[in-house]
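You will see two complexes here that share subunit A, one where it goes with subunit B and one where it goes with subunit C.
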Partner chain A sequence: MSGLEATKSAASRSGVPGQAGRRPPRVRAFVGAPSSGPRESAAWTRRRIVANNLHSVVGRAYPRVRGLTREPSWILFEMLLPFLTTSAFVFVYRALDAPPSYIGFVVLGGAMSAFWLNVVWMMAAQLYWEKDQGNLELYFAAPMNLMSVLFGMAAGGLVMSSTRAVVVLVVATVVYKVSFSIDQWGLLLAVFVLTLAALYGFGMMLASLFLMWGREAWHMTQLMVEPVYFVSGLNFPVGRLGMLGAVAIALIPLAVGLDAMRQLAFASTGPTGTPSPEIEALILIAMTIVFTILARWLLHSMEIRARQEGRLTVRWR
Partner chain B sequence: MLGSKAGSIEAPAIDARGITRVYKAKPNDVVALAGVDLEVAPGEFFGLLGPNGAGKTTLIKILTTLLLPSSGTARIFGFDVATETKQIRRIMNMVAGGEQSGYGILQAREQLWMFSQFYGLGVKEGWQRVDDLIDAVGLSEQRHQRVSTLSTGQRQKMNFARGLLNDPWVFFLDEPTLGLDVAAARAVRELITDWRAAVPGRTVLLTTHYMAEADELCERIAIVDRGRILAIGTPAELKRRVQHESVFRLEVDRLAGGPSALARLPGVVSAAAAAGRTGEDDPAARQTVVINLVLAEDAALAGVVAALGGLDARIVALTKSEPSLEDVFVELVGRGFDDDEAEPTRTVGDDEAEPSSEPHEAGQPEPDEGLL
Partner chain C sequence: MTATTRPMSPLGEARFDRSRTQGHGLADDLRSFRTAVSLGWSMEANWTDPVLFLIYSVAKPIASALILVFMIDVIAGPAGQPLRGFVIVGSALWSLVLSGIAGLAWAVLDDRERYRMLKYVYVSPSPFVVVLIGRGIARLAVGAMGAGITLFAGVVFLGVTFSLAAVDWPLLVITLVLGTIAILAIGVLMAAICIQTRQDSWTYPEAVAGALFLVVGAVFPLSALPDPLQVLGLLSPLTWWIDGVRQALFPGGTSSIGGTGSAWYRITGSLNPSDGQIVIALLATGALVTLGSAIAFRASEHRAKDRGTIDRTTGS
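== the complex of A and B ==
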């Protein structure tokens, strides 16, 4: 007797209805994959563990990517509003007869703001929202490492933000006739990638912290947006901030990444009073490593604390 | 009883010893569990029955590795819930009543696939499993429907499909029919029993405060109140605890001398006319006599039947009245499930959650769509 037949037979003997076609066919789905027993099922190979975590990254990125096509109106607003903000600064600089490179600075800043907003709203505060929606405990109860979920959120967020950033950059460049002077394309690309890595590493770290802060996460998120815009020099060269700008470059990925990209994209501008792009690339590498390690450690600590205190399981805590 | 799929199962599916759980709270700590001992065999359908605040959900959270016990130990198929969480998470799953997990903007099929990736299925394997389960739970027509547009019953079926994605050996169900209408609740109960019966060795731990549900589904039940297990047994065993006499409802076409003619028989404790009923089954409409018969033991029924023959009375219906699990609970606790004093202190972790009132950011998805 085959396994399926045996199962059907067992189901029939146990008086379970549903095999005769009145209900949906359930046998194949309910029998599931062959397995020797619970303890054997729990013994995963290293390869399977790695595969589970990689699949989890894809799984968590999926709703963000899918959401792009499902609600096209979001894309319109996501692109139109930042473009208008950028335009406002462009007109201010034009009215003040600022150097043309400043227009480029603003356009680049406007494009990069997409990533920062995404990190703050859809990375840092996300785990708290996940808890509120009831997803977090399902994530914790699943076999994958929660870092995979964070990486998935980051990957999905990158796709969402990149769309917005590219549109703002291209449209603003064409409309406002921005001229780039790039000598080191490779380094510019590397700095861009490193900026995103550091930025999303920062977001992953904040996600754990925000989970700990609970309801305050919302306010913390709001508090972080504008100050970081300011000290990162989103709409002006960060070197103008002097010591404050230096501190920002040392601590905030957006500040250091944006400054490095501006130096590389507008090479003819001259000294900016900030470290060279090469040094700033190294800072970004260090930030990526530190933030990712901190995120992992914080997440682990958070899980332990949550299990001890019940934070994972009680939504209002 | 275990088939080939179960293999050699030696450890209990669930083994909890001296579990306590205290939540820090002001002004006083809240004791959610106060020394729970529980052993569930592989393949068993076990129920935790108790009112809100009894500690059922807290116990499930501990067994599903989401919460640590304040003291005591718990093992799932031999794996410690405190230290071997990954192993446990690979072989268990859980579904709660009123669960709103996932992202409303996704289609039902997509949402399930997302979860399949978390549970260790491959990309193609995940889609195949999702399609099979969607058909199995009866959501074929809703597979491409957005999660946010599913009805409560459909949503709970989808939650069940999610819980079955990894083919768990232990399935934790926390009030799975909470808030469902009669038809949806029945469908969910059928799903549970069908799934469990499909492969021997699958274990289900169900918490509920619906006594009929526990009675219908569970092989054994633990009655829980205020963080303690008051009694464990099969539904029949639990009912026998309160059934000191046999109670029958007897309907006869006529009875000369009335119920008192039976009250004098040996072994008959009492015989009284039953309260009238209305509707199509109304015995009054059939002009029969209905008697509530209390016997010292079942054996006394033979004497009653013989006496009815002597009285020229024909039996129209005879049913034995079983005590309900509510009777058992009342006997054990001294109050009913719905009594106000059932929850004298707020037990953190059970059912109550402050509603979210956070503002909504422009450009972000609506709450019912989920925040991606």
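== the complex of A and C ==
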């Protein structure tokens, strides 16, 4: 039974025959204020819609943020061990007697990989997992915009992965004595924020695609880690990849964001053969807008298609 | 069992056969194992387009190898060509480690969180660990395919010098067998951990593998590490396995364990470990890890039953 039908049913139950002239008792429909009937209950003000969607964002972000304190093993597996993975690449450069700035490249890449992994595992593949778990139908039935769920997932994921990124960045910087040479702090901060916006916009877009691809989504998560690390130049300057690197800068937010941040954080290393940080910041803005619009459109298309084909509740396919 | 072989009462009814509750020991275990391998393979591969599946399987190890090849090229240029063989073998073998470690842990998470079948599998007559290992073998096979193709790509496209005639086959076979057992043992350990943790532990096997990557000399010699980390690496069977396979494929090549600045050299006085030393060390460390994993798995199983985590589902 839908929410509206439930309200109608509750309202009809509340009506007493023979008391037509009297004002019906006010019923509490949905979760808002008492109303005189289902129509009034259904007529939400814009303010209430916005407030409801903001509640949805907070509600979806909550388990991710709160979960940080409820699974102690997470500290070891998600914060300390990834630092060791980054260290392995630091030692590759040390074994090659690379200039110190390259060790900084690896550390920055290791920190940013936390966000990418979060986007792939906990944004892109999330709606597919939700379907498998039976939560997706609840999302569709709830009186909210599904984009709120995606924004909530992104906000919660951002907090989760920020802790890992900060640990990798700070500990590795101290342990491996990385020295940054930053001239434009403001631009660096702006590029970082824009990179996160573009990354999570990308993740919101992929969430609908992964849901449509079904079981392929599982393999896609695999395909989107190391191959993307390679074309994004996670551990080396992306400019060295030539045309492949240029394509990555145009399409993958991790590639363009990382390259811009490296140019700004290690200004003394000179030209990298890639666009300037200012141009890359513009690319990130464009990516954020395009990915968010595409995410909204894909989600809507997917919802229509799923309703038509009756696949919203079909699991494990 | 057919109607003619089933024990019958004088009235012609089928009687309860007590001996069936005791099972058939190893034969039953082998049947469970075969079924689990077949199930694992079906879940991994039989529903998708073969070409697409091949791309999924090889893209990851090849990309990992290419990252390292580019890192070497950026710093050393053409002078780094001899190092390519070292890192390509290491990263190819590492894809096998990743698949082996993740396979068992993901079997637990898949069955518990997605298909919600873990409790039924657990209460079935098949030994739980046998089913898990069977499921893990399927993923290991996928990893082995990726490793083989990465080595092939390294030889054909990246200029790694390799001769089939030079391969030390006995050493290769022995190290591969012992190494596979050690990898599965670490996989069992990860499965034991994932029975206790929540759904988000999909990434845990990769995190553990990433940490081990630092200390096993997969892509750089151990001598680049501080002494305590080198000693830690020498205690891992994966270190000996990787060096053994490397020595078998490229006899006389650079050892990831030895070298003048290595802890091995300072401890033993010899520059590089011999083939025999590699096999003995692999056997000893592998036995220790297997024993430790078995104990950890049993303890985890006990705790899971106690706390009801076998049929728990979580989300975030």
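Rule of thumb we're sticking to: the second predicted complex is superposed on the first by the 282 of 317 C-alpha atoms of A that agree within 3 Å, B and C clash if a C-alpha of one lies under 4 Å from a C-alpha of the other, contacts with A are read in each partner's own complex, and residues count from 1 in each chain.
In the analysis below, contacts are C-beta pairs under 8 Å (C-beta built on N, C-alpha and C of every residue); 3 or more make two chains touch, one makes a residue touch a chain.
Predicted, not measured: the structure shown is a model, and the values here were computed from it.
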item	value
Partner chain(s) touched by A:77 [first = subunit B, second = subunit C, both, neither]	both
First, second, both or neither for A:122, with subunit B first and subunit C second	both
Partner chain(s) touched by A:138 [first = subunit B, second = subunit C, both, neither]	first
Which of subunit B and subunit C A:60 touches, first, second, both or neither	first
Subunit B versus subunit C as contact partner of A:44, first or second or both or neither	first
Touched partner set for A:180, first subunit B, second subunit C, both or neither	neither
Contacts of A:226 with subunit B and subunit C, given as first, second, both or neither	second
Touching partner for A:213 - first (subunit B), second (subunit C), both, neither	neither
Partner with the higher number of touched subunit A residues, subunit C or subunit B	B
Subunit C-contacting residues of subunit A that also contact subunit B	63-64, 67, 71, 74, 77-78, 81, 121-122, 129-130, 132-133, 135, 156, 215, 316
Complex interface listing, subunit A residues touching subunit B	3, 6-7, 10-11, 14, 16-18, 23-44, 48, 51-52, 55-56, 58-60, 62-64, 66-67, 70-71, 74, 77-78, 81, 121-122, 126, 129-130, 132-135, 137-144, 149, 156, 215, 218, 307-310, 312-317
Of subunit A, residues touching subunit C in the complex	63-64, 67, 71, 73-74, 77-78, 81-82, 84-85, 87-89, 91-98, 102, 117, 121-122, 129-130, 132-133, 135, 156, 215-216, 219, 222-223, 225-227, 229-230, 234-237, 240-241, 316
Subunit A partner contacts - residues on subunit B that touch it in the complex	3-9, 11, 13, 23-24, 42, 61, 64-68, 77-79, 86-94, 96, 99-103, 105-106, 110-111, 113-123, 126, 129, 132-133, 135-138, 140, 164, 166-167, 169-170, 190, 193-195, 197-201, 348-349, 353-354, 356, 358-359, 361-365, 369-372
Contacting residues of subunit C [partner subunit A, same complex]	47-48, 52-53, 55-56, 59-61, 63-64, 66-68, 70-76, 80, 83, 113-115, 193, 196-204, 207-208, 210-211, 213-214, 218-221, 224-225, 313, 315-316
